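Okay, so chain A shows up in both of these, paired with chain B first and chain C after.
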Partner chain A sequence: MRNCYLGVDIGSISTKGVIIDEENNIITSCYIWTEGNPVKAVRNLIRNIKEEIPEDCVIKGIGTTGSARKLIGLMLKANIVKNEITAHAVGTLTFYPNVRTILEIGGQDSKIILIRNGIITNYAMNTLCAAGTGSFLSSQAKRLGLDVNEFGKYALKSKNPVKIAARCTVFAESDLVHKAQVGYPKEDIVAGLCKSIVLNYLNNVGKGKKIEAPIIFQGGVSKNEGVVKYFKEVLNEDIIVDKNSHLMGAIGIAVLARKNKVGKTYSLELSNVKFDTKAMECTRCSNNCELLKIYRNNELVDSWGSKCGKY
Partner chain B sequence: MNKLSYPLMGDYHIPAKFLLSHVLKIDIITPPPISNKTIELGTKYSPEFVCTPFKYTLGTMLESIEKGANCLVQMGGGCRYGYYGEVQAQILSDLGYNVTLINLVTKGKTDIKRIVKEFKKIDPKFSRLKALYYTFITLKMVKYMDHVDEYIRSNIGFEIEKGAFESLKFKMLRDFQKVKSYRELHRKYHFYLKEFKNIKVHKPDDCLKIGIIGELYTIMEPFSNYFLEKELAQNHIEIKRFTNVHYLLFEKSFKIRKYLKDTKKYIKYKMGADASDNIARTKYLCEHKYDGIIHIKSSFCTPEIGAMPIINKIANNYGVPVLFFSFDANTSETGIKTRLEAFYDMLEMRRGK
Partner chain C sequence: MDKVGIPRGIFYYYYGDIWKSFFDYLKIPYIISPSTNKEIMLLGTKYSNDEMCLALKTYLGHVSYLEDKCDYILVPRIDNFGLDNQTCTNFLSAYDIVQNTFNIKTLNYNIDLEKHETLKRGLIKIGKILNKKHSELVKAYKYAMKKYKEKRESEIMLNFNKLNSSKVKILLISHPYNTYDDLIGKDIIKYLEKNDVEIIFSDKLDENLTNKLSERISKDLYFKYSKDNIGALELTKGKINGVIFLSAFPCGPDSLVNELAMRKINLPYINLVLDDNSSFTGTETRLESFVDMLKGDIHE
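On to the complex of A and B.
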């Protein structure tokens, strides 16, 4: 019998699941699109993982992170629910104990985590605009008729990236349309986009933060070679991209689940679990809170959104 | 018959109502508690890039007008808040309401003669002597409230019986409203202070300590900072906050010189509103081994924007993490929670080394 731990990272765009053993070795992993339905995505994810997991593995802990962490935490009865910043830092530190800076660009958010001597000392997250995130890249890839997976390779072809005003997603897009209409080659535009992501990230999230090597770049966008290239160019440092960089959050939360295990054994059987959410608006006072009630097997497990605490 | 109302900020509507109801023989209308409707109303009729306190106070004004008020009181501040009374009076008259707005602070000064004149207009029987006596009691009440609040803030995170502090505070404020003389207030205060100290707390010596600094309205009105202090207390954190009404009224003018001296290395002159105070407080918090600092402001608060890079620099020099929040009418609550949670995790990790 081997003790294993499941970490699930439910992001805005993709859902990641990872199973690790006691020595933090990855047994199996899975990466699928969330497609706006975290519950369904997690059901698919668990089904995929169950098929690949060896017979002798026993799940001793489950952790959830990402934007849907609370909901999925209830669904899977996770023993730990943690925010993505901590999860990413813990995941990276298990493989790179001497890392000093973590750059992370995901679908909806981007963050920077500064680490000194194995301890998070500072972090920042984008607050106002999504111009430096993956969703901007994927929407622009669609507009240019390219697959997101080829986007990075396409950018590497360019020798002369165009300058794109990347202060804001909407203005960047109109600048992009303009550059395409006046006849710039496609690869230059793609490269310009990748560069704009980098500049925007450093101006917005990385502002006032000391970026020191070793630097690790992760999150979905780290799979884009173009962005990695421009990070190297702008920071003038080597950027490490792990082969599991997109899974780091899930690995981190799995490690945390191992550290916080309660000695219970979990089952991955979800087909007989009915999981529903009901939304309603409370009209008892002028706050008009949006309430969300969560049912597991028709039994109310939690409700969120109330300001007064009556629910 | 005139009906008077005033904007809300934290629990300070209780001394405000106490004072006004004793001094003026007219109806005093307490606006409904701040809710989503308040900020929606305020945002609808405010200029787009004005800071959130303007929106909240305009919202409460509109709500109290709905309840029948036709006289409103507004305060000024040391930043562009100083002109908010005039702008709000203009907005209200543009909306077609016939209301008198009494601005307690104009041109950065409290002109008592003018205020007395204004009060005489709405209540001809207004007595100066009576006003003086009740103002004295009210100011004492504010002082006592702030003192109790300070004790609560450093202990509420460690209460054994959940909600004990909050319910006792509610009782205290209810009793404060009913007092008739200074002696009674003084007795009540000592009675409740003893009660507060009797509440059992389980406070470890090495608990996490966080200092909250920032723009005054956002810091003092819990609704506008999304109940940040409550959230921190739930994570068993001791909270230190400097800004309160007593500080603004009596201590600020004395302390500012000391603050400027302390932070000679970083700033040379006053930066408007609470900016230089916050810089000095950052230094204080860093020197007194606080684990972290949270800086909150409403969006577009210019003095605080000026203070932020300096705060960052001081904190970097001392190696203390700072979390910056900027609240607007439609800030996402989830984002705040995620950042706070990560901040709390980070402090725990730093402690654990």
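On to the complex of A and C.
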């Protein structure tokens, strides 16, 4: 029998799952779109993982991270629920103990983590605005009639990226429309977009931070060759993109699940687990809190959003 | 007798205690709007335009709540506290905005130290409108200031002593009308306290010290409250583990002064900019990871 640990990273755009063993080897992994329904996405994810997992593996720990971590943590009865900054740093440090800077661009968040001597010393995250993140890229890809997966390759064709306003997504989009309407070639526009992501990131998230090599770039957007190219160009440093760069959060939380194991064995059978959420507005006082009640097999397991703590 | 309405927003967090003691001494009835709740926030959104910051929006909500519950609304106009100590334009304009938006009489006074218009003169002016005698008003002013100073000094002492705590210490750089508002800062403070963090409040330090100390960060600043805030960085230097900058969207002075401070300090920090989005999730992620990092737990 082999002891294994499951890490699930439920982001706004994609849901990632990974199974590791005691030595942090990846046994199997899965990457699917969240499509606005984290519960359904995780059901699909677990089904895929269950099919691929070798028979001698037993799950000894489950961790969840990403923006839906609390909800899915309840659903899977995870033994650890942690924010994505911590998870990303732990995941990266597992494979690259010498890393000094982690750049991360996900679907809705982007962050920079500075590490000195293996310890996180500083980090920054975008403000609540999602400018310059994956969701912006994918909506623009749709607008240009391109698949987001081929977006990066398309950008590499360009020799002359157009200038696109980088500060705000709304301005960037109107800039893009104008450039397209006056007749710029598509690859130059795509390349300009990739470059604007880099400039936006360095201005908004990376401001005032000392970016020192080795630099690792991860998160979904790190799979975009165009963005990687312009990071190299602008920072004038080598950028490492791991083949599992999109899974680092899930790996990190799996490692944390291993470190925090409680000695329980977990089942991946979810088909008989009923999981519902009900939203309501509390009318007991003038705060009118938006309450969310979570039911697992018709049993109330948690409720969120109450300011007074009565629920 | 005429009843005075005090909106629980912006000015209240600087002058509320003084006003209360002043009116108590003179036996003038007053009503304070309740803590900001959803109803007040919605009223505020209704009466404000797109350029106003979250704090001013909620302020207008408080005024609207009080509109039919009192005879006067107390809205001061605060211009400056001497050379290079101006306030944000909202502090100057709130009075005119309230007068033009609502159908109610206002009690108004100016604070403009460059023109020798002091708090004392201001309070005496509104006292006279409410038919009180000059000698009585001077006594009431002295009483209110004495009580205020006592409370303020003990608050400063308590806050400053937290710097000796053995817990993780975070300096919260924020204006009091954001920090202590139920819908803006309360959840953040609750979260930090629950996670065993010692919070040092930038507004509860001696402003005579912090105002002067801000010159070490920049000599060119002229916003009084922002200077007080970032001077706290110098006053607590070497004694804190991290800094949280909290501001309401869109804040003019903060977007200049806090940004400047962020580039000059050599400490971990996060910048939280809040608008009336009701979900705490995004803020919680940032707080949780920040506290995780400062405590260093994950490296064990």
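Criterion: the second predicted complex is superposed on the first by the 310 of 311 C-alpha atoms of A that agree within 3 Å, B and C clash if a C-alpha of one lies under 4 Å from a C-alpha of the other, contacts with A are read in each partner's own complex, and residues count from 1 in each chain.
Quick note on the criterion: contacts are C-beta pairs under 8 Å (C-beta built on N, C-alpha and C of every residue); 3 or more make two chains touch, one makes a residue touch a chain.
Here the structure is a predicted model, which is why all the values come from computation and not from measurement.
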Clash or fit (per the criteria above) of chain B with chain C on chain A:
clash
When the two structures are laid over each other on chain A, which of chain B and chain C touches more residues of chain A?
C
After lining up the shared chain so the two structures overlap, which partner does A:I85 touch, if you call chain B first and chain C second: first, second, both or neither?
both
If you stack the two complexes on chain A, which partner ends up touching A:N117: first (chain B), second (chain C), both, or neither?
first
Contact residues of chain A, present in both the chain B and the chain C interface
67, 82-86, 118-123, 125, 127, 208, 285-288
Chain A touches which residues of chain B in the complex?
32, 35-38, 309, 312, 319, 321, 326, 334-335, 338-339, 341-342, 345-346, 349-350, 352-353
What does chain A use to touch chain C in their complex?
67, 82-86, 89-90, 109, 118-125, 127-128, 207-208, 256, 285-288, 290, 307
Quick one: which bits of chain C touch chain A in the complex? Just the residue numbers, please.
34, 37-40, 182, 186-187, 262-263, 268, 270-273, 275, 277-278, 281-283, 285-286, 288-289, 292-293, 296, 298-299
Residue ranges of chain A in contact with chain B within the complex
67, 82-86, 117-123, 125, 127, 208, 285-289
